[in-house]
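Sharing a structure here in structure tokens format.
Naming follows writing order (A, B, C, D, E and F), and every chain is counted from residue 1.
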Amino acid sequence: MSANAVSLAYLVAAVAFILALKGLSSPPSARNGNMIGAIGALIAVIVVLISGNLSHVWMIYVAMLIGVVPGVWAARRVKMTAIPQLVALFNGVGGGAAAVVALAEFLKSGHTDPVGSLVATVFSILIGSVSFAGSAVTFAKLQELMTTRPVVLPGGKYVSALVAVATLAAAIAVLPTGNTALVVALLALSLVLGVLFVLPVGGADVPIVISLLNAFTGLTVAASGYLLNNTLLIVAGTLVGASGTILTRLMAQAMGRSVVSILFGAFTAKASTAGGPSEARPVRSAGPEDIAILLAYAHKVIIVPGYGLAVAQAQHTVRELADLLASRGVTVEYAIHPVAGRMPGHMNVLLAEANVPYEQLKEMDEVNGEFASTDVAVVIGANDVVNPAARTDPSAPIYGMPILNVDQATNIVFMKRSMRPGFAGIENELLYDPKTTLLFGDAKDSLTKVVGAIKNM
Amino acid sequence: MSANAVSLAYLVAAVAFILALKGLSSPPSARNGNMIGAIGALIAVIVVLISGNLSHVWMIYVAMLIGVVPGVWAARRVKMTAIPQLVALFNGVGGGAAAVVALAEFLKSGHTDPVGSLVATVFSILIGSVSFAGSAVTFAKLQELMTTRPVVLPGGKYVSALVAVATLAAAIAVLPTGNTALVVALLALSLVLGVLFVLPVGGADVPIVISLLNAFTGLTVAASGYLLNNTLLIVAGTLVGASGTILTRLMAQAMGRSVVSILFGAFTAKASTAGGPSEARPVRSAGPEDIAILLAYAHKVIIVPGYGLAVAQAQHTVRELADLLASRGVTVEYAIHPVAGRMPGHMNVLLAEANVPYEQLKEMDEVNGEFASTDVAVVIGANDVVNPAARTDPSAPIYGMPILNVDQATNIVFMKRSMRPGFAGIENELLYDPKTTLLFGDAKDSLTKVVGAIKNM
Amino acid sequence: MSEGMALLTIFVMAVFVGFEVVSKVSTILHTPLMSGANAIHGVILVGAILVAGHADNAIELWLGLFAIVLATVNMVGGFVVTDRMLEMFKGKKPGARASAGSDK
Amino acid sequence: MSEGMALLTIFVMAVFVGFEVVSKVSTILHTPLMSGANAIHGVILVGAILVAGHADNAIELWLGLFAIVLATVNMVGGFVVTDRMLEMFKGKKPGARASAGSDK
Amino acid sequence: MPEVVPRLIQAGFDVVVESGAGRHTFASDQAYTDVGAQVRDGDVLADADVVLSVQPLTVDQIDRLHAGAVTISFLPVAASLDQVRRLTAKKITAFSIELLPRISRAQSMDALTSQALVAGYRAVLVAAQNLPTFFPMFMTAAGTIAPARVLVLGAGVAGLQAIATARRLGAVVDAYDVRPASADEVRSMGATFITLELESLEGSGGYAREMTEDRAQRQRELLTPYLAKADAVITTAAVPGRRAPLLVTTAMVEAMKPGTVVVDLAAETGGNCELSKPGELVRHGDVVIWGGQNVPSSMPVDASRLYSKNLLNLLMLMVADSALKLDFDDEIIAGCCVTHDGTVRHAPTAELLGEVTS
Amino acid sequence: MPEVVPRLIQAGFDVVVESGAGRHTFASDQAYTDVGAQVRDGDVLADADVVLSVQPLTVDQIDRLHAGAVTISFLPVAASLDQVRRLTAKKITAFSIELLPRISRAQSMDALTSQALVAGYRAVLVAAQNLPTFFPMFMTAAGTIAPARVLVLGAGVAGLQAIATARRLGAVVDAYDVRPASADEVRSMGATFITLELESLEGSGGYAREMTEDRAQRQRELLTPYLAKADAVITTAAVPGRRAPLLVTTAMVEAMKPGTVVVDLAAETGGNCELSKPGELVRHGDVVIWGGQNVPSSMPVDASRLYSKNLLNLLMLMVADSALKLDFDDEIIAGCCVTHDGTVRHAPTAELLGEVTS
């Protein structure tokens, strides 16, 4: 292949990557996006393989084979819940690969390289190693090979600071000298820095850190591309670096975290304990967009209104949500518990005001059999009327009261302001159920946001 | 300045242009966006002027001065309503400049240029001339120097086709030969083609054509950049070409037109009459986004509900709109005409159902003085109760009935399904008022869309 | 990588940037955006200056100078008129809705 | 224009494309998008192949081969796992919500 | 009502109020004096130029008026031929509110509309009051209460208001009317329109026309199943100047569910329901039939408020430069004038009088 | 109601119904026989094991029961000491619906709640019926009608339902209650809560406590301006087992606007309004005061439907394996049992009896 043809093929691959990221940004096109990305990668690999003048071709094939088998196997077999650590792992090896490539390039021609290339080499080795080591630690945390709580070594922040300074010194020292020993030292220090960087991160922040390391790896790849004078690597790496940065910020925003405080967690004593899963019982809360997608992609949704809906005066908004979902082909019903609210028929009064057709209101006996076939039960400002303690806990004041079988639904969404209990004053186990997602906030606010999010989809 | 410094400065200018387009895409940042674009342009011009080795510097300064004066003067003095033709004019001279640059480059080195450069030259001259001539015609149309109706010459489509083929032939012929005479012929033919291209376009489609020609000019500039080996021109031209294309599609969508049919209007007899302002009386209709912006940037909005609101059962949606606007700091009131609807108090019943607070409902006498200080009056499914014929036309069956002084508002928006009259069966002059914008469709649909658009802002 | 390929890559990337950047513009901004983009392609002025500045003969020079005049009108006028259109978004001053362009 | 400047320009443009393209992604797609981007940077495989294929000595070769293994795992595993995560968006099959990543 | 008095005085009238006239509307004589009216016991008619009243004046009262006086009131011409004769004889100018043309400009004077508004609202209250069940739906710990089904026959002003009020209270409402436009009007109130396979009937001015007995029979048959399903039936059907159409026969009442309530607002003009008696609550089997009689008077304050405003607006039309001035070119004045200067101006009445005397 | 009979039979009971018992609810004797009950004239009590009724049995009726029989009904213990004595003497097990504990599980048996629901709804109908003005607002060609202001005092079950119904009809509603939780509850119905500068009072089970005369006086003073503004006042305040608190004095009534309507649902237990008489419509000046008496019976069908379902649910709690089995460890059964096997189980009643006999 001519050099121009190769470049053209690379350009095609780069465009494929752009389209992949674009596709991955919206639910209906996400799968195709991923596919386009894979095709782009395939093109790139084929082109580099056939573009000629490679030696050791068979060894290369064998090495690839060795990589493919565990990669596919792990990706296929892993449990859904273990996916985040797998992503972390994949990211780590990618960062490692980039660092190794830079190292190899350095060994080949480092001593004679111009400063520009040396900067790229140093960057690639440093960040690649941090990404590799950091990802390894996040993997260990998520896989529970080690504690998920923030690990703060005694004097940890001084050690971290020291290592950071040393790494930087090594990196700068390499530039004028191109000294191999220094490069190896840089590699070692970077690995240590990566570990120290991630250790103090608490469980909740781990996904954000993975995303950050992902962006790092992207930049490393771009730097390697500069080293190898390969536009595709530059474009692909930069794309990932840029989108990864934005994504990290978006994720942190969605979880109410600050990227900076996570980044410098290793150097600040306070931040190191923030957000750790130190609360005795974890609940899963999510943003309105998550709920929106959950609802929009459901076949059947049952809305369970309670006193909180009345307090928030969200009857009109809930109707809007139901109408919106119905217009997207989702079956929506309201499950009315006989004592929901604070007055017999409270929910009827409320929903009649919003003009909800009577046919959509289902009595408890009628609807209870339907939860098992329901994708999402949305519990809005209700609590006691769905509390399984009524069935299981003879000491509870609501014991013996029939409840709505919300727990049989595939997914449960609670919209309430806090973890506070309802009228009967007892905890609701359902809030801690793994199937449950909480959307905290005033019911009207939350509903308005979810409606907005669905409209934007 | 070193070549690298110049390139860097150009890169900065290119980034400025990207940021400019980004800024121009959303109302709050639009002005700053434009400013950033201007700064980018300034940087580029300064850099090229000081980057050295230019001859004829004083002549260049004089030429620029000659350009600045009429440019600024026209931009400043022109009436708001004449802006579109001015934009068309500016676009045309830009295209012309690009074509001239290409021509000059060709004269300088055309005979020895590689094919790639010749392609760029031909493209630049062809498209630049089309853009120039086309813009000139749109200017003439908008300025009413000629008829605004589509001009269809006898046998026009054959003439057009002939010229198009001839132009293409000339273009292709230039490539292997680099013949100057052919280039001049190409120039002439392209100018004719531009005229023929725009002549059959009707008044309503003119803005779309301007946008299209704008995108053309962008591409011409990019091609000139390729000729001159100037990245800035490539980036800037491409940006404008790409964004201009998207914009043209968006504009056509918003007006319910097809770009293709406009593009090939010159070659199809039918398309040439479509959408001409042949309807006796023009009304201005708009999309929900326009209404959304109009409302969101208002200080005071008065909603005038009528029978159509009841028919559409849009009471909940109108309340949503009012709440949304109020939450953005807009003052919103409802003006209730005593006989709006089909039953005394019809609007009260309706709005009470949607829980609109009684305080927001204003009686006619109370509200009529307020229209003069109202930015937008939104008339939803009402007609007779705002029809000025009640004041002006003694033969009208509603003559003498007091009406809401909607006509005093700065802007008037009507949401109705058609131009059909209301209960009294008489035409409403207000629909044709220049201050009036119509949003056709079922009131509930329209309101839902406007609410969505505001939420997306 | 050849220079041609580099330019092509830059071109492709610029296409994407151009597409993405304006893909979600509201209707009311169509005309100002068009006008702003129009002003931007006034940078052909740079090309015109180069042509005039490096002209080898009178015809090139005059063509270049002519192009400069045209391009300057395009660029300067374009930015100024865009700014005028955008006056309505200055602060929250409503009602001064540019009646331009989107008229039907 | 120097090659370095061209690469820089490409880099800058790629930054913009990267920013723009993902700037409006919904929360539920955060994890799949991260994973997809992760797979994309697996193209370092191309670099690794080049290093191995042009290796001058054993150490370079082995480093290159090692990088190939790592990069392949990254790329192949990345695309496969992303696809698995996105199964929920296949047609309209709800409920199989990837419980990944966004857990708190 | 006292609030209109200042406007009258401003227009140049001296306002005299019969003592105790405001009794039912809690407007004391004092309240009237406060706003500038004179309150008189005994004969207020003799020196009156304009007499505004709700009910038509009796023949006696007419006799007390001086010639050239103007009276404005409800005046069901067909049923008041005696009065009309006397009015003509005494050269009194009499206006009948019922005859007001239904044009947009006249809406502010249209007392039929304003009183129908009151009647429609009250009809629902009566139905709810007499129903042994709830209007709204309730899902409670003691079981679910289904919403009441309300059927409204005749969806004019009163009917629409009845629909609105019943829907507010949570009932499921069906409605029927003969006018084609009413389907949309009913839907605009959130109720379901019943479409029968019958041609529609529309007369002038938005009123219905009378129908043939044949069609009436068919309409009743088609309505029967809807009546049998209803918990409450509110009938408001009327044809101006005619006996109200018979919509619900005794047999149809007998086919209703036990406990059903029928409210007949047309009872005074013959009744939409065969069994209804004006002003009475009739029990027939397990069904209760309430016949309306002067329904607006059961809500005196607002009914009078609206009525007095209507009269005021009409009177203002007859005033120019602080003096009474009847412009018979004005469609409204011409339309609702029954007698003037010794002649009967309302053609159908004149005919009717002719028939009777001949 | 006939619909509960099958459930009873299924649970192993023979069901006997007094002939004509379903008269007011349109349930004929036939309807009962159809579902498997026996309908008997005359004495149905002698061989009954369980007697379900609305009103407490009279001493006479108690005498006709055999020992060990179970009665479930309303039984205002403090006012029924005679009956209680007789029940004890005859070793009859008597349950009082009023004493049912207010726990979540008991809600399906809570007849106080279900009957309060009916009462709250009816109260608004009565108010609307007697008001000389509209509830909703109307802007019409004949002027604008302002919405009625309704004031609800006591926002328990009946009060909340009254709020809901009044709001449905379009009134502007303010409400007041002494319990702190009620502010949110009132707001959840869309009404405005009136906050007085007084400490709140809450007893057990969500009921209010009685207050000192001093505080009551202060409360009345603070409420006066709100009463003067209201068009309709609905009072539902109650303290279990006590006389209803006096909220509206004669002086306060006299300060009201002419035409105001007061609906007192607490009239039977002494009245929230000084002037109210149970079952009567009292006029005081221009104000009308309606005292409720057995309000739910004015809407017999739904009231009985809910009540019979409540009793059924309670009875089912006492049934195991098709036989009556009283589990006095159950909070509900223990709570509402007044007499059993010759002893008075309800402590306050026992005390009261002690006091009286001593």
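FYI, a residue touches a chain if its C-beta (ideal position, glycine included) is under 8 Å from a C-beta of that chain, and two chains touch if they have at least 3 such contacts.
Computed from a predicted model, the values in this text were never measured in an experiment.
Counting hops only between chains that touch, subunit A reaches subunit D in a minimum of 1. Relative to the C-alpha centre of subunit A, the farthest chain centre belongs to E.
Comparing the chain pairs B-E and B-C, the larger number of C-beta pairs in contact belongs to B-C. The geometric centre of subunit A is 40 Å away from that of subunit C, both derived from CA atoms. Subunit C and subunit E have Cα centroids lying 70 Å from one another. Residue positions of subunit D with contacts to 2 or more other chains are 1, 3-4, 6-7, 9-10, 13-14, 16-17, 20-21, 24. Shown for subunit A are the residues in touch with two or more other chains, namely 18, 22, 229, 231, 235, 313, 338-339, 344-345, 349, 352-353, 355, 456.
Multi-chain contact residues of subunit F, defined as those touching 2 or more other chains: 107-108, 113-114, 117, 136, 138, 140-142, 145, 168, 170, 190.
Chain pairs recorded as touching, per the definition above, are A-B, A-C, A-D, A-E, A-F, B-C, B-D, B-E, B-F, C-D, E-F.
Within the complex formed with subunit F, the subunit E residues making contact are 24-26, 107-108, 110-111, 113-114, 117-118, 121, 125-126, 128-129, 131-134, 136, 138, 140-143, 145, 165, 168-170, 258-259, 286, 299-302, 305-307, 309-310, 313. Of all residues in subunit E, those touching subunit B in their complex are 103-105, 107-108, 113-114, 117, 157, 160-161, 164, 167-168, 184-185, 187-190. Those residues of subunit A whose C-beta lies close enough to touch subunit C in the complex are 3-4, 7-8, 11, 14-15, 18, 22, 229, 231, 235.
Chain contact summary for the complex, subunit D toward subunit A: residues 3-4, 7, 10-11, 14-19, 21-56, 59-61, 63-90, 92-95, 97-104. On the side of subunit C, the complex with subunit A involves touching residues 1-2, 4-6, 8-9, 12-13, 16, 20.
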